[in-house]
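Got a structure here, written out as structure tokens. Questions coming.
Each chain carries a letter (A, B, C and D) given by its place in the written order, and its residues are counted from 1.
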Amino acid sequence: MIKAGIVGGTGYTGVELLRILATHPQVEVACITSRTEAGMAVADMYTNLRGYYDLAFTEPDVEVLAQCDLVFFATPHGVAMRMAPELLARGVRIVDLSADFRIKDLDVWARWYGMPHDTAEWAEKAVYGLPEVARDAIRNAELVANPGCYPTAVQLGFLPLLENGLVRTGHLVADAKSGASGAGRQGKIGMLHGEVGESFKAYGASGHRHLPEIRQGLEQAAGGKVGISFVPHLVPMVRGIEATLYAELDNPADFDRLQGLFEDRYRDEPFVDVMPFGSHPETRSVRGENSCRMALHRQEDSPIVIVSSVIDNLVKGAAGQAVQNMNIMFGLDERAGLQAPALLP
Amino acid sequence: MIKAGIVGGTGYTGVELLRILATHPQVEVACITSRTEAGMAVADMYTNLRGYYDLAFTEPDVEVLAQCDLVFFATPHGVAMRMAPELLARGVRIVDLSADFRIKDLDVWARWYGMPHDTAEWAEKAVYGLPEVARDAIRNAELVANPGCYPTAVQLGFLPLLENGLVRTGHLVADAKSGASGAGRQGKIGMLHGEVGESFKAYGASGHRHLPEIRQGLEQAAGGKVGISFVPHLVPMVRGIEATLYAELDNPADFDRLQGLFEDRYRDEPFVDVMPFGSHPETRSVRGENSCRMALHRQEDSPIVIVSSVIDNLVKGAAGQAVQNMNIMFGLDERAGLQAPALLP
Amino acid sequence: MIKAGIVGGTGYTGVELLRILATHPQVEVACITSRTEAGMAVADMYTNLRGYYDLAFTEPDVEVLAQCDLVFFATPHGVAMRMAPELLARGVRIVDLSADFRIKDLDVWARWYGMPHDTAEWAEKAVYGLPEVARDAIRNAELVANPGCYPTAVQLGFLPLLENGLVRTGHLVADAKSGASGAGRQGKIGMLHGEVGESFKAYGASGHRHLPEIRQGLEQAAGGKVGISFVPHLVPMVRGIEATLYAELDNPADFDRLQGLFEDRYRDEPFVDVMPFGSHPETRSVRGENSCRMALHRQEDSPIVIVSSVIDNLVKGAAGQAVQNMNIMFGLDERAGLQAPALLP
Amino acid sequence: MIKAGIVGGTGYTGVELLRILATHPQVEVACITSRTEAGMAVADMYTNLRGYYDLAFTEPDVEVLAQCDLVFFATPHGVAMRMAPELLARGVRIVDLSADFRIKDLDVWARWYGMPHDTAEWAEKAVYGLPEVARDAIRNAELVANPGCYPTAVQLGFLPLLENGLVRTGHLVADAKSGASGAGRQGKIGMLHGEVGESFKAYGASGHRHLPEIRQGLEQAAGGKVGISFVPHLVPMVRGIEATLYAELDNPADFDRLQGLFEDRYRDEPFVDVMPFGSHPETRSVRGENSCRMALHRQEDSPIVIVSSVIDNLVKGAAGQAVQNMNIMFGLDERAGLQAPALLP
């Protein structure tokens, strides 16, 4: 059994890690930390876990965490950056669900996250954990930077187009929508049910932290500069992300081979599902599940290819992808702990 | 592997059976029928099942169903009544999720369901499948009448009080609330999102079909007549039932031992969770899970005991309990296929 | 024009007062205070008011408030108690939407609200502002204690039964459900969309602050002691309260005259609507509107009368009723500013 | 008093017309028709109207409708086309909320609506009723084609850019999202709460009927061909549309004057609100209100201008705009009946 630790377990990604790992056949959660809730049983905070865990939250303690084979960081940015190096030095492997190691250009990171980055060495060594792109590197990684939720949905949808150089990369559009759990579990007025319920809005439309992360991934795939407009929106639901992507084909004749190309690209991927051309993926079709489902569209004879891509922001967009990365790192079946259909309806 | 068939698979209980059975280690779904959707792949209708099933809906065919070890009926009332006898005669065991065999008094049944009951023999032989009451009978049952959703939540909450003769049985109150999936998947205007969203109401307050079923179960537990007011309500959510139950203790001094008594009653039950006194069970704590969670309350020095009981209407209130019954009938681990925490948030 | 002031305007009852008063033909909002948001334009915080108000929040200032004809307190409990006496002394009339002056027994108040009550004189003089009960007293009141949301829905539903001595008053049941706006606009984790969405639960089932307020009103109507169980629940919607009430008729033959009796009781009330026997009032039928709609039910030959009563918690349950009280106090048309149908769907 | 008739009053636009007209000082609803519900009181179907209307639905009767000064058609497409000519011939003015007269190119209309158009004469004479573009023509119009919901939000957001020739018109993107009431009030399985709740998806991504209507309006504003991708999405809420629009500025330096240009364009418009640069309009800020609120965004130094535009699909997107058009046609105050703030929260 792999011994896993979780740092910062009181948020939604923390409870989601516990939910998924509860049925993982080869992993045992050895400890889960929370400064604010130390001493509280996890099943008292998250009653869905009653009967599944006897564990209580503890103060973060490097000595205890160092006993683990792997530690998940489910913390706000800035925490993993400080705590990870010592654990890594002691041989603990890490999947960081926060943003600390996702961006390679540390000036960019510092500008978007409002603090200096103080572990350049590990930022460089960290593997950006999108398995569909970096599976081999993840296998041997000491430190995996688990992708953000929007970046996962957006990159997976654009990848086949960019990798094959089929679209004009100057003016991509990613119009993305997320349920409220994406904002985490903090007592912000703007995220009250009374504020979010029965309403819809864009946010971060002048610039969101996931923009540089998305651009970095797309530029790597395209092998050059990419111009992208990314606007996230808040949906009055709990879970789910849908991203509608727009790109102009260099050669509209390529429309004929797009579907095949997407299917080929993801044929061997256990967690990407290319639906028939013209389908409309629903977020509920991946609720609680680690998949990304997507479908392609064309309007009349337009040269614009439209991709609709959906994930569960807490699963393929966070905890599920983290477990997928762990499975890869430890040579387990990549689907271990992740093999149950989504909850629909 | 047990070969299971599902009759009437296009509704919410049908897809929920498929979802649960997809991870059941000892069951294979051999066929699923639908008159209206024959020929359609189940994964085309329910996209959460893509990658889990190759099955298509077929016309109901007794010859095919007769090959199964067990057939689930997930049909409107009136169907199982007609089709079950022949299958039973050919040795197929049945779990009927409809109301056809739940009520022993067939005059009562006929009055509430608006048609005569034409299989008195099987109505008598059928075992009412509430495992917490009838586990031994279920083990050997040929035909199990799977309880209704409200009756499950209400009976489990009242049982320890009635079995021990602690409360006045003349004026029980069960105020129950359900998500919209409880109404099934038919195109009724009243169940449109535009009608149900952002609103709350009682319905069936002058008499609902689950009232006689509840009363039958409570009277069996009490060993005598029971007077109960039961009012269901429609909650603008998809899944979940909460029932708040009110009963007057004969002897208010019994309050001191109620918590212990409930805990003892359900200690060995894998799917009933008695929470600490004064807790407030949330429907999301059982979303997608087969459990019933409940908690007790007292207001000041009132003689009224209040029980709040929650289930997922599609799981412990339908498909999950049906699988639990199947597990019991076939001597499997009662939790097989049912061991994953609820999806919270 | 009547000059109105609002103290504590940043919460949901504050914005609702502004929304309603925006169309009131005889009232002008002269000032609105907020310690935390002083200087901010109300239309910047509440964008629905853009184009309707030029007003900004100001620090509460007795000199300014004393210029008003009437001041609404939309504050947490404890504030009006401290600020009201001076304003009252200077001739300003007050409608207090908080709980400070609702309970006549100050020991009871102190126990439920966790602080001593320090203005016994005004607690005694205050008129409990349920117009359907106390219209004449409201007319001349200096200080009106605006009823709580649940107490409004529950009292209006029970009143005709209790005033006429038709039911056993020992064991009334009020099972009530509210949208999330009832919890106010504070950054509490438990009220996040991620916590409230797609879930349902009871809360305060062992005792809620509205219990003593409800009991006081019912005992006044009954002319004696009343035993009542009151359980509130949280519905995943923004606005609306539904209360399902259960009472045992002393004489079940009275069922024949109940409908007429309710209709007579409320015939002249502009904001109470008795629907046909057996109806199911929906909260959306009063969304944004000042009405209470209710309907009666009986199950088979049971002696229990069931009343379902709905209001908008922010309107008839708060700001709308406050405006109705103001209209009465100033001799205006009681419906002024309150004459638009609810928003359905 | 203007006598208004409504044909097809049982849908959501019908009830919304009634809600708005209930407070209109100069209009009386003389009749409302419904083939399916003839004889039923409108207040029985729409309980929010109890106390506001004594009217019952009647069979559509040209003789009765011909007594009206104005008739609103709130019918599926194909109905107004057949019934309008006779009424128009008898001097009745018409606001058609359906799509029958919105598209000038009848071949395009026939292709998208799946039937031939048989009143070319009136299709030509009809005025497309977007007051911000065609106020003068509306004033004298006999027949106004009330714009679709998406087209209203999208056109108003793009107009200032196109009218001033500031953007490349080849590849506009309009990513739009709507609440479920936009689909009308028919018993379709796909619009059940159980299907729509807690989920999000695109629909019509390969081509939606509002695409040609949008294109027609944008081309008129641009004075030439426009290429636009339009993808609608379904939001789990009842009311509201948000459209996020993307266009590339020919000259990025124009960003400096965009805000002023938008404000100037709409300064005298009573129902368009240009919010400060960088704002995020919420659909709830216009719930029940006739306004379109919008705001501009730029991401870093991108040449793409982003506009977020919100309306209530049933008000500015349907019934409210229809009343605005009626007010213009009859020389009334354009805001009559439309002057109440949105319901927030």
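What we mean here is this: a residue touches a chain if its C-beta (ideal position, glycine included) is under 8 Å from a C-beta of that chain, and two chains touch if they have at least 3 such contacts.
As the structure is a computational prediction, the values presented were derived from the model and not from experiment.
Note: the chain lying farthest from chain B is D, by mean C-alpha position.
Contact count check for A-D and A-B (C-beta pairs in contact): higher for A-D. Centroid to centroid, with C-alpha atoms defining each point, chain B and chain D lie 45 Å apart.
With centres set at the average Cα position, the gap from chain A to chain D is 38 Å.
Centroid to centroid, with C-alpha atoms defining each point, chain A and chain B lie 36 Å apart.
Looking at chain B, one finds that residues 12, 181, 194-195, 197-198, 236-239, 281-282, 284, 287, 345 touch two or more other chains. Considering their complex, residues 12, 180-181, 183, 185-189, 191-198, 236-238 of chain A touch chain C.
Residue ranges of chain D in contact with chain C, taken from their complex: 12, 15, 18-19, 22-23, 46-52, 181, 197-198, 238-239, 273, 275, 281-282, 284-289, 291, 293, 314, 339-345. Within the complex, the chain B residues that touch chain C are 171, 173, 175, 177, 179, 194-195, 197-203, 205-207, 211, 227, 229-231, 233, 235-240, 242, 244, 246, 248, 278, 280-284, 287, 297-300, 302, 304, 306, 308, 310, 345.
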